[in-house]
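Next, two complexes with chain A in common: one pairs it with chain B, the other with chain C.
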Partner chain A sequence: MELMFAGLALGGLYALLAMGLTLQYGVARILNLAYGIFVIAAAFGAYVAKVQLGISPIVALLFSLPLGFGLGWALYSLLLLPLVRRTRAGPQLDIDSLLATFGLMFVIEGALLWIFGGNFYSYSYLSHPVYIAGTPVEANRLVVILVALALTLLLHVGMNRTRLGLAVRAVEVDPATAVLAGIDARTISALVFGVGGAVVAVSGVIISMFLPFSVSMATEFLMKALLVVVMGGLGSISGCLLAGMTLGFGETIVARFIDPGLTLAVNFGLFIVVLSVRPAGIFGRTV
Partner chain B sequence: MLDVSGLSVSYGMHVALAEAVLKVDRGEVVVLLGANGAGKSSLIKALAGLVRYVTGAHIRLGATDLTRLAPHQIVGAGLACVPEGRGVFGSLSVRENLTLGAYSATDHVRFRDRNELVLALFPKLKMRLRQSVQTMSGGEQQMVAIGRALMSGPVILLLDEPSLGLSPAASDELFAAIRRIADLGTGVLMVEQNARRSFAIADRAYLLENGAIVRSGNVNTFLDDRVLIRAYLGGD
Partner chain C sequence: MRSVFVGAIRRGAPAVIIAAVAVPPILIDGYALSVAINVAQYGVMATAWAMFSGPTRYVSLATVAFYGVGVYTAALLGGSMPWAIVLLAAALSGATLAILAGMLTLRLSGVYFVIFTFSLSELLRQIVTWYEVNVHRSVGRYVFLDVAPAHIYSQLLGLLALLLALAWLLRRSRMGLALRIIGADLVVANHIGIDTAKVRVLLFAFSAIFMSTAGAIIAPRWTYVDPAIAFSQTISFEVLIMALFGGVQLLFGPLIGVASLCLVFEYLSIQFPDQLIAFLGLIYLLIVYVMPSGIVPACSAVGQVLALREKAVA
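Up next is the complex of A and B:
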């Protein structure tokens, strides 16, 4: 029972992390290498808010949504859009945008290291147990699970039940035809980067609530998000949820019963199994 | 309605279209005829804003200057395009494709009307609204593509080789639908290799040779010309 909640929390977190990336990568076709460091930056933001300003992480969570959206939007519009224009979204864009986001990653990482150093940080928030069917569960885990599920639902509905979501999917499946339908792929890409930014910010705040974090974890989060994105199928929200949960539960179970050092091996083991059964990911389309 | 002059397209040193002049009015079907590589697709793509053309071109749709618009704005201005090789969202459903076609239009009353119109033109789509387009036959996909374009309520519809890969029966069915579209008020400019079939429903035609429009006129005047018939209509 306790194991189940630990798995759900970790899985929910991975799913959430991957959702922002799957949208950015799947729709705007830009792999944002600074994704992981933004997550850590948001975690530090929540830390400073809680420890130095006395702002509750729940409040920080609410503020992080518009802030993350704005930053994501700005990242696309100010840094990436000029590259999209210059390369006319051709093959050169892949290389240019990788370099640009890689560079951005180093800048933010440098700034965070300068301010906070390389140590692990954590604070205690809602760490008292709540009893569910007689099992003690830390309250912050429940927050993680609820937020992850709520955002998944929101994004899923947004993508599949709204006009704007349909336009986003149209750009994702066929940017050239989207133009013919009167959809501006650049506006949609900026929007999607904003949504990704909001998801990043929420993920970072959530991580700070229940895991010790350090600047060095940025790459790990980027890797895990990427793993989940590929496993779930590029652009698929429900795929993220399923793949994220698979990974979260796999890791939790192995860490508990075998050895915590094996989590990375489990990650890639699951990754290979899923992709050998379904090469395009769990919900992937065969293109 | 659609009024074009001085339209030139170059790919590097290669001139694919030189100083094209043409007109398409509401309610007429105009065929663009020409050999492979003559520049037909380049002309269609230039009109839709999908390839760069030499500056100084004049492209007007009614009072709107299309040369000032971004590609995604051209649809909203009233010029819809079905490019060579379709232009459907393969992994989306028929219904989603049609809904997306109306993305640039904002009035929901007319959405209903257009949706009905498309389903009346292509009744086969009615039973398949939930089907993913990539699983449909070539002819059915072409119906979806044209339906998608019609959903924006265009004044002028551009079609690049709509009958490509279709059986003779399916082509006839498609051409009949295109004639109906024009009769309902939309002007159609279509590229066709299948000149004999398309001339049966067309009003006028342009002939492109090596990037230049060398001839234009009523389809009857084309049918009277034996040399042309041999070159483009096959046999005599």
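Up next is the complex of A and C:
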């Protein structure tokens, strides 16, 4: 039981992390390598809010949504749109956006290291146990699970049941044809980067609630999000949830019963198995 | 005017760089030698990277995976085997890893390949860490091999010369033509009967051999290695940015990028040790936004503008 909740919390977190990335890549066709460092930056934001300003992480969570959206939107409109224009969204865009977001990652990482140093940070919030069917579960893990599920549901409904979601999916399938239907692919991409930014901010705040974090963990979060995205199939929200849970549970079980040092090897093993059976991911279309 | 200018860069710059890189190691010592070793090591890796990623347009972030494998081969075998065998073993391990990784990624395209190669380095780092902690019982490892810095330098130069010669031959061979077609259009390449998968895997392995050999050669220089140093993702990205800065279309392009950026990084790491990472990031952004196709084409563009002005005046 306890194992199940640990797996659920970790899986929910991975799914959440991957959702922002899959939306950004699936729609804007830009792989945002600065994703992991934004997550960590949000975690530090929540830390400063809690420890120095005395703001509850739940309040920080609410504030992080519009803030993250604004930052994501600005990132696309100011930094990435010039690249899209220059490359006319051709193959060169892959390389250019990769380098640009990696450069951005270094800049933010350098700034964070300068301010906070390389140590691990954590604070205690809602760490008292709650009993569910007789099993003690830390309350903050429950918050993680609930937030992850709520956001997944929200995004799923938003993508599949609204006009805007329809437009987003149209751009995802074919940006060139979407224009013919009166959809401005660039506005939609900027919007989706904003949504991705909001997801990043929420993930960061959640992480700061239940895991110790440091600047160097950015790469790890980025990579796990990437693995989940590719396994789930690009642009698929339900794929993210399934792949995220698979990784979360796989990792928890291996860490508990075999060796905590091998979690990444397990993730990667699962990744290779899934990709050799279904190269486009669990729910993916052929690429 | 323009042709003279570009010609001067095309012909003159490589000569200057070769002369600068190949300064007899006896003439320099200490600090200068350590910078020269750095230039030679990145020169090998950036040229090898450009050989695969330039024509095929597959961006590989596995550079440090091969490099780290080379470093660890030397660290494990260096004490007990003759040096030539160690280098051969490093080359073979790099090639094996590249062939395995290449076959797994055969069906992947574009960004999937980037993600895969990026995770591969991270995976190797974790596996080696696990092995060192659980089997070797210590994360770090000391490499006590008696190889003089000047000797390391000449080995790297030899490797670089071999690589440049092979890369030059490759550009003139059928394989080189096949590669350029793959880079231009994968579908066309498949249709005219090129075994695109085989060509890709072979070339990937070929470039990996040089990366892991460079890792093995440089290992004695470090004396202490741990997985976080040997498999640092930064190396992959430094190689990538150096190659792109110089321009991957020219044979000597990556070398030009390496020579200039190594010096810039060296200067920054002395002047601003705490803000180094942020500066690296700014350099990346500068390259992407200001000179996307590398410094040599950027200079040619300047030459073009000058030529136009001359015409306008006349």
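FYI, the second predicted complex is superposed on the first by the 286 of 287 C-alpha atoms of A that agree within 3 Å, B and C clash if a C-alpha of one lies under 4 Å from a C-alpha of the other, contacts with A are read in each partner's own complex, and residues count from 1 in each chain.
Please note the rule applied: a residue touches a chain if its C-beta (ideal position, glycine included) is under 8 Å from a C-beta of that chain, and two chains touch if they have at least 3 such contacts.
Given the structure is predicted, the values throughout are model-derived calculations rather than measurements.
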If touched residues of chain A are counted for chain B and for chain C, the larger one: C
So in the superposed three-chain picture, is A:60 touching just chain B, just chain C, both, or none of them (first/second/both/neither)? neither
Contacts for A:25 in the overlay, against chain B (first) and chain C (second): which applies, first, second, both or neither? second
In the overlay, answer first, second, both or neither for which of chain B and chain C A:84 touches. neither
First (chain B), second (chain C), both or neither touched by A:167: first
Overlap of the chain B and chain C footprints on chain A, listed as residue numbers: none
Interfacial residue positions of chain A with respect to chain C in the complex: 25, 31, 82-83, 86, 91-92, 94-96, 98-100, 102-111, 113-114, 219-220, 223, 226-227, 230, 259, 261-262, 264-265, 268, 271-272, 275-276, 279, 287
State the interface residues of chain A toward chain B in the complex, per the touch definition above. 163, 166-167, 169-170, 173-174, 176-185, 285
Under the stated contact criterion, what part of chain B meets chain A in this complex? 48, 50, 70-73, 75-76, 80-83, 87-92, 96, 99-101, 103-104, 148-149, 152
In the complex, chain C residues that touch chain A: 57, 59, 104, 107-112, 114-115, 118-119, 122-123, 126-127, 129-130, 133-134, 233, 237, 240-241, 244, 274-285, 287-289, 292
